[in-house]
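There are two complexes below, and they share chain A, which is joined by chain B in the first and by chain C in the second.
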Partner chain A sequence: MIAWSGRRKALMILAFIGPTLLGILFLNIYPIIYNVFISFTNRNQYHPNPDCSVLVTSIIEPKCWPFFKASTGLGTPYTIQSPAFANYETLIGQLATRPGLIAIAEILLCVVPLIVAGQVNKYYNRKISRPISGSGVWIIGLALTILIGWLVNFPNALDQLQTDSDFFIVVFRTILFVAITVPINYIFGLAVALVLNTEYIKGRTFFRTAMIIPWAASTMFIIMSLVWQFFFRDVGVINQLLKIVGINGPTWLNSPTYAFAIIILVNLWFSYPFCFTVILGALQAIPADQYEAAEIDGATYWQQLVNITLPLIRPAVVPAIVLSAIGAGGFQMFGTVWAITTGGPSRGAGVPGATELVMVYAYKQVFQFNAYAKAGAFAVIIFIFLFIMTIYSLRITRITEGAFE
Partner chain B sequence: MTRKPKTFAVFIQYLFLVLMTIFALYPIWFVILASGRVGQRLFTLNLLGMFIPTEFNFDNYQIMLAGQQQPFLLWMRNSAFVAALTTIACLLIATSAAFAFSRFRFYGREAALILLLAIQAFPAVLSLVPVAQLLTAFGLYANLWGLVIAYVVGNLVFTTWLLKGYFDTIPIEIEEAAMIDGCGPIQSFLLIGLPMARPALAVTALLAFMGGWGEFVFASVLVPSPATRRTLMVGMYQIANSPAVPWGLFAAGAVMTIIPVMIVYLYFQRYLIGGLTLGGVKG
Partner chain C sequence: MIKKYWSLLTVIILAAMIMSACATATTAPVATVEPTATTGAPVTITIWHQWSGDYLTAIQAVFTQYMTDHPTVTIVLDAPQDVPSALQVAIPAGEGPDIIGWANDAIGKYAINGYITDLGTLGVTQDFLTSTYEPAAVNGVVWQDKIWALPESQEAIAIVYNKAVVSEADFPTDPTDFTGLLDKAKSYAEANPGKYLVCNQGLGGADPYHEAPIYFGFGVPGYVDDAGNVFLNTPEATAAGTWIKDFSAYAPQEASYDICNAGMTDGTFAGWWTGPWAIANLESAGIDYGILPMGKPFVGIKTLMITKNAADRNTADIALDIIKYYTNQANETQVALANKTIPANTAALNDPQIQALSTIKGFGASANLGIPMANTPYADAQWGPVGDATQAIWNGSQTPEEALAAAQTAIETAIAGMK
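Entry: the complex of A and B
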């Protein structure tokens, strides 16, 4: 649109996007660089301060900048680790040794049949006829996975890895959390949306409004999480109700399993209104004649659901699922867990607690143990993972498609 | 779905809806009940009192608002200040960037757009230490202005993408016509782009305000003390983690914090739902 060019154009564009770039540079890119740098040092509670005579440090540490130099603390300064990757080594621990690698390989082997099943289905979907139904392929794949898991002694491999490294425990548990919480959120969202999308239910507006309420509350998750925590306290609401029935309720938040389940339940409360809204919007966009045609052909409710509804809402729902899986309601979950369990219940000193997800672990490393360098290395690994996931999700969700014309 | 459903199926569906509604509303209802109870406990031995207001008085609200124990109104003012400034600054900065990304063609445009998204993958919790150090260096640590800066930048990427998506949907012909009449890029931004993007701006403002109002992690690290400078969320968290928790006060504070937001949310619901899918960025 802009016909002119040269310096004037460059200045104009800079004036428009300059403030944004400046902000991003200082508060997004600088922290990344800082984390990468700090991950190669031994900065921790014993070496908290920068050594401004080192060139790199004096550039990166705000405390060393000539303008602000006054505030450099006393304490022993931190130095670059030797070898430089020492933090990464302690973090990943025994994963890189022989038993660790074998255990990883065994776990990966268990996933292979599922991937193959997915590919086989993809292949047959392009054919006119298929020798075996889609769910059949999945069942065979699942059976093979269980068989291989039994052969290589999957739980054993898992135990091996869990005793070896904090990093593995935390990441594994976070992935487990995402794998449970996201499907549950969307299944409930789907169920509510399907019921509310029918015509014979009375008071749909009321129900819809009522179910939006947790969404509004989720902007102030810290307060509602504290309330939920109260429900599950030793003398909380749930246990009081159980007592009336004559059951002595457990101390919910002291049990690793219950604590994990509670986190998932609370996250369901916060998240399903959003899932429900997305799905309802997609459902209302499906033309009614599709169902009429199916009706004439004698399709049952389930057949309509599986063959019409689900495939047609897919394009709207998949991006939302992917984004919530890698976002703050999934992999980067922090606030809710922090308010309810602060990562506990503890499983012994120096071992991550039962609900210590990735972000909670990182937060604790920094603000409770002052292990800045270790947390930096952790941050770098997590960032690489999230970076890849983000790029990948851009591809499958096609959010950026058409954004560059 | 033209088929007439069986009575039993309809009954199951109603049952499910009612259960889900109770699940959705009970925590809020519980807080409202607890805020009206005498004494500083959330639970009641009275079974009926857990579900209907058998007693209700406004003592807790009075204590909270009088600010004898906690500077509640001050926290509220701090939160409102931070949220409002965040909203204004975010709109000012992000709209111009979004307009440039949408309308101008320049070297590195696509790369910058993708880079923004990729950088956003760096978890906010892990950038807290460098951000805190940077703000300390500039004398903005434990200062609400520093918090505003952190929030604004935290919102920038999402906002820029959302608004860019919306600007893309505005037909460019209007601006081209204006250009022929001698309108420059700044004028076309201020006089055409901004007025036409009003719905998107409203949604962005609402989301930014809510984000600033309810954010906890940054606020707790960047403005930990003094008590009079805390934001609402940090203050409420401190109440709930004090040795003998004054639960009645907490509940009253929670109601006063949540209900206004809920009303705003319900009122703007339709725009919000539309707005999230507006620019193609959902989340």
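Entry: the complex of A and C
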């Protein structure tokens, strides 16, 4: 047994964790600090280079570090914006104005009945009997939400927020994309998993393997996305097939609505195998005696599905749903959309395209418009948004619960 | 106790960062050595370009000949998918090309970013330029009284039509008669279901370069001028937008270079609003073509620029020698004969063989009607908004008035950011 002095012990610990700390500092913390710094500047394609005589810039900006090349371009260096949060103001448009705040209050008001319904159900779930069924509470909550939405003119409040605000346009659109695509993916995955989990299907292994093919193909998603794009081209496969039956198909990718539907469809094709695999695994973990007991009690297939299958696969599926929603197939969707529509079709100059989701918007700001500072501010807002979402999802899924036990 | 070491560690890291930041941020001193080629050591010159297909073949032959004449020099032709984006990563890292082959509209932007070298510092003089190249081409490579590139060719788009399918009579005789073009496109589409008179690769996508003949043909003096004035909320622009909407009924709804090229080859399109770069492919496909000016196109100058990195690597002199070689009379003549381009080199342009080319007459006539493409950074602000506005008009998302007013605002905002 070695008796360490406090100093030696601390130095030893430092020697072990020092490299990791440095790694975290430079790989995790520094990029965030750099991005936040850029978000307060006017850096764009016309002010691309730093003024290395400014102390803060010389510390944070890599172009000022001795091992990078100093720029000798003709552009004037970028500086801190005046006011410093100007990029944030540009992005969130009228949020900080009175009409913007009223619009937010109206939207939040619409959600209140649903939150109350959830709490009411939570309360009655702990009771032996309840005066109204859980579904009934939800229906009342939904009806109240629709009523309040009508009273406060919900669409008008949404329009108000989207005026002069790229941020709200792309975030609302992305949330809509997630809200549609994730349930569709999991419902389709559940349906396929239920079918292929029954023992009556011959060649189940073959079909299960076949179902996973799109997932394997997603490793080359650009090519597969381009194949899908070809299907929906004006002279593509779909329109050629429609022509055979005498229908002149639309120009799918030029229509904002169709283009949005197509990226949901293609995302379904890429994503459902994952949902299918997760759900199939969870289904196989359900003990058969549960179903046998239910059958003896005379439960129908639907009752078994609702009261046995879904509750028992929930622990496996909910974390997967949350991860899908905030991951590359949901909120952070980029590749498929970029390959198929590049964020288009255009809805006009100066406004995001019809399929311009948050990641596509950020990419275009940086790589097409070189609006580094604006993209930086956008990334900061999205980071805060996703951070809150992640914390909330960790709470509802209790993924990290075991870590504290 | 441990907290004390944490503080110490933090102080050390911060001190290290500050010390590194306070160090003089300059590039490595340029060694005063002779260009590598003259010392006989092997040297590789990388060119990033946007040439493709058969058009590239003739260009490649020139560089191959240079390598034969200079055995120590290797020229690598590379076509990254997105050159502007690749440059912004490669140049600060000291990597990337020695030469960039790009249109002159990027000169202002690249100079501001510090990607390219003032050729005056390498000994290129205004006298050399004016005595070697066409006046329009010289104007295209000079910005803020500095020479940023050598001009390769001048280009403007026109309607290239398939003589086996249509004749000159199927197009208006007056290049600004857009009503006539619309009528003829309508008649052709109605008489030939599923086929179209003209494919414009800019319509249906977001490509203001190919849309320019329409806007300028209706009297718009330019999207943006050198002073940063924008001309999209004008009656002329609205008239052009309205025509584009009307024309969408008699044109392919989706278009791109590849779609137009394929449609010309298989007879779906009788004509293609395109430039000299498409001719080599059409000739390979055995198409007998004619060229007619239509509208007022952008007149662009294809140029070759030398990067800052070439200067730092001591390859700038060799790079300059290569681009001078490529743009000399003999090589410009050779490339123009193969690719049917309009050479920027005056002696090559005056060569009787070149003057005899039908493409020189056709594209030359179109260029004579055209609007020179600016090389100021303001020019960079026009592409996105005009493309988005035209696409919104084309797909019906916005009326011409709404779309062009929004484009006007977007460009003015971008230019205000520059100023």
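Following the convention adopted for this analysis, the second predicted complex is superposed on the first by the 361 of 405 C-alpha atoms of A that agree within 3 Å, B and C clash if a C-alpha of one lies under 4 Å from a C-alpha of the other, contacts with A are read in each partner's own complex, and residues count from 1 in each chain.
Note that in this section contacts are C-beta pairs under 8 Å (C-beta built on N, C-alpha and C of every residue); 3 or more make two chains touch, one makes a residue touch a chain.
This structure is a prediction, so every number in the text was calculated from the model and none was measured.
Asks: Is A:Pro214 touching the first partner chain B, the second partner chain C, both, or neither of them?
Replies: Touch partner of A:Pro214: chain B, not chain C.
Asks: Regarding the shared-chain residue A:Phe369, is it in contact with chain B (first), chain C (second), both, or neither?
Replies: Only chain C is touched by A:Phe369; chain B is not.
Asks: Using the superposition on chain A described above, determine whether A:Tyr392 touches chain B (first), chain C (second), both, or neither.
Replies: Neither partner.
Asks: With the two complexes superposed on chain A, say which partner A:Ile13 touches: chain B (first), chain C (second), both, or neither.
Replies: In the superposition, A:Ile13 contacts both chain B and chain C.
Asks: For A:Trp150, using the defined touch cut-off, is the partner it touches chain B, chain C, both, or neither? Pick first, second, both or neither.
Replies: So A:Trp150 meets neither chain B nor chain C here.
Asks: With both complexes superposed on chain A, which partner does A:Trp65 reach: first (chain B), second (chain C), both or neither?
Replies: both
Asks: Where does A:Tyr123 make contact in the superposed view: on chain B (first), on chain C (second), on both, or on neither?
Replies: Touch partners of A:Tyr123: none, neither chain B nor chain C.
Asks: Residue overlap on chain A between the chain B contact set and the chain C contact set?
Replies: After superposing on chain A, chain A residues 10, 13, 21, 63, 65, 68, 71, 235, 367 contact both chain B and chain C.
Asks: Please name which positions on chain C make contact with chain A in the complex.
Replies: 1-2, 4-5, 9, 13, 17-18, 20-27, 82, 85, 88, 91-94, 109, 111-115, 144, 204, 206, 252-254, 259, 308, 312, 377, 380, 384-389, 391-392, 394-395, 397-398, 402-403, 406-407, 409-411, 413, 417-418
Asks: Residue numbers of chain B touching chain A in their complex, please.
Replies: 1-5, 10, 13-14, 16-17, 20-21, 23-25, 27-28, 30-31, 42-43, 45, 47, 50, 92-94, 96-97, 99-101, 103-106, 109-110, 112-114, 116-123, 125-131, 133-134, 136-138, 149-150, 152-154, 156-157, 160, 164-165, 168, 172, 175-176, 179, 185-186, 189, 210-211, 213-214, 216-217, 221, 233, 236-237, 240, 247, 250, 254, 257-258, 261-262, 264-266, 269, 273, 277, 280-283
Asks: Within their complex, state which residues of chain A touch chain C.
Replies: On the chain A side, the touching residues are 6-7, 10-11, 13-14, 18, 21-22, 25, 42, 44-46, 48-49, 52, 55, 58-59, 63-66, 68-75, 233-235, 251, 253-256, 344-351, 353-354, 367-370.
Asks: In the complex of these two chains, what residues of chain A are touching chain B?
Replies: Per the stated touch rule, the residues are 1-2, 9-10, 12-13, 15-17, 19-21, 23-24, 26-32, 34-35, 61-63, 65, 67-68, 71, 188, 191-192, 195-196, 198-201, 207, 209-217, 219-224, 226-228, 230-231, 235-237, 240-241, 244, 269, 273, 277-278, 281, 291-292, 295, 301, 304, 319-320, 323-324, 326-327, 332, 334-335, 338-339, 358-359, 362-363, 366-367, 372, 375, 378-379, 382-383, 386-387, 389-391, 394, 399-400, 402-404.
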